[in-house]
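All chains are identified by letter, namely A, B and C, in their written order; residue positions are counted from 1 within each chain.
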Amino acid sequence: MSTDDQVSLLSFDNEVFRLYAWYATAVTVKMMLMSIYVSQYRLRRKVVENPEDVRGDKVKAFRRDEDIERGRRCHRNDMENIPPFLIVGLLYVLTGPTVYNATWYFRVFAGSRFFHTVAYLLPLPQPSRALGFFVGWCTIVSMAINVLKTGQM
Amino acid sequence: MSTDDQVSLLSFDNEVFRLYAWYATAVTVKMMLMSIYVSQYRLRRKVVENPEDVRGDKVKAFRRDEDIERGRRCHRNDMENIPPFLIVGLLYVLTGPTVYNATWYFRVFAGSRFFHTVAYLLPLPQPSRALGFFVGWCTIVSMAINVLKTGQM
Amino acid sequence: MSTDDQVSLLSFDNEVFRLYAWYATAVTVKMMLMSIYVSQYRLRRKVVENPEDVRGDKVKAFRRDEDIERGRRCHRNDMENIPPFLIVGLLYVLTGPTVYNATWYFRVFAGSRFFHTVAYLLPLPQPSRALGFFVGWCTIVSMAINVLKTGQM
């Protein structure tokens, strides 16, 4: 592959990059919606973490709310998994994969994370959530192996 | 736009990329300074999380320190918002925006995060911090919509 | 440097990028292994965070397990440091550094994070872990300064 061909890999004219940009943005926005999910519970239930946020009863304001804690755990799980996908996925695009392979990697990852969120928040009985996590995790590691092979020393 | 034009988007010769690189690095360093902010309190007040870190009184070492917890919450909020900006911002650069639009997006995001940190750590009365968070959040989502439109299926 | 030269910076043909891709993927996979490290303790010791995960004794399931908490703290420290490296490192590649400089930056960062993990999990006596953290932190800040200089306004 010539340098010119490789260079154009990071362009919306490259179908693989276009797919990456779309799925990467979709899962990032999904992760950011977790902030809103947790915030609306905090506002409605007046449960806070900071003294300056208290409205109304000061003692009840610092109680533990299970829905808020669940939302925060789901958000943290996203933060553990989505940033790795964003970078490994970008490097994977630069290895020049086929559109077919890339489509499936991105689709499976995004699907697994949306499923993970639903399974976490409803919640669905286990091992639903564990499966959602594990499929996404394996997708990243599989792309990572492709990157390591392409860039091997 | 020809492929060659798009390709050169990720170069310091491209004003939009140069701005992205500058603001992305500035907010990342700001986030990393949160580690130092929390660590200096830990060192000075001898408040630790790990038994191997204890110096002096073992019981007091594991007490809850409100400044440390506040610093950690501020850091976590950065981790929830700054990595999404870093990737969505990079993809936004690749959509080929005008320098004018890009400058405002990056400037508003960086400004909102610096303001959020000040509002969190002083703290300023609410809704200062909420505003800082929300403006930054909307900036990312707005850039994300641009990316999704450019890469639409 | 011509635009064409700069453009080819993000290609596996560019030795500096190849090194970045390799080390960035290696530290990301390392970070992701923290999920497995924590999960295996949760499974073996039946310590959970969510009611739907309980197998066996419901009260013991929610107890605090020091190894799990340690693994989570180590994972959080990775999340505070590795995503900044991933972006700052990528921007640093685009500044066109020498292979010699880039190799040392990436090698020292990766080494410091692997050492940090070992020092955290064993644990090694302090200041081992603090040193691992601090060396990695300085590496990122040093690369960030290079990026800010290259993109200065």
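Definition applied: a residue touches a chain if its C-beta (ideal position, glycine included) is under 8 Å from a C-beta of that chain, and two chains touch if they have at least 3 such contacts.
Owing to the predicted nature of the structure, the values given are computational and were not obtained by experimental measurement.
Because chain B and chain C share one sequence, their contact can be compared position by position; here under half of the interface residue numbers appear on both sides.
On superposing C-alpha atoms, the copy chain A sits rotated by 120° relative to chain C, to the nearest 5. If you average the Cα atoms of chain B and of chain C, the two centres end up 17 Å apart. Along chain B, residues 7, 10, 79, 83 each make contact with two or more other chains. By the touch criterion stated above, chain B contacts chain C in their complex at residues 7-8, 10-13, 17-19, 21-22, 24-26, 28-29, 31-32, 34-35, 49-50, 52-53, 75, 79, 83, 86, 90.
Residues 3, 6-7, 9-10, 70, 73, 79-81, 83-84, 87-88, 91, 94-95, 120, 123-126, 129, 133, 137, 140-141, 144, 147-148, 150-153 of chain B are the ones that touch chain A when the two sit in their complex.
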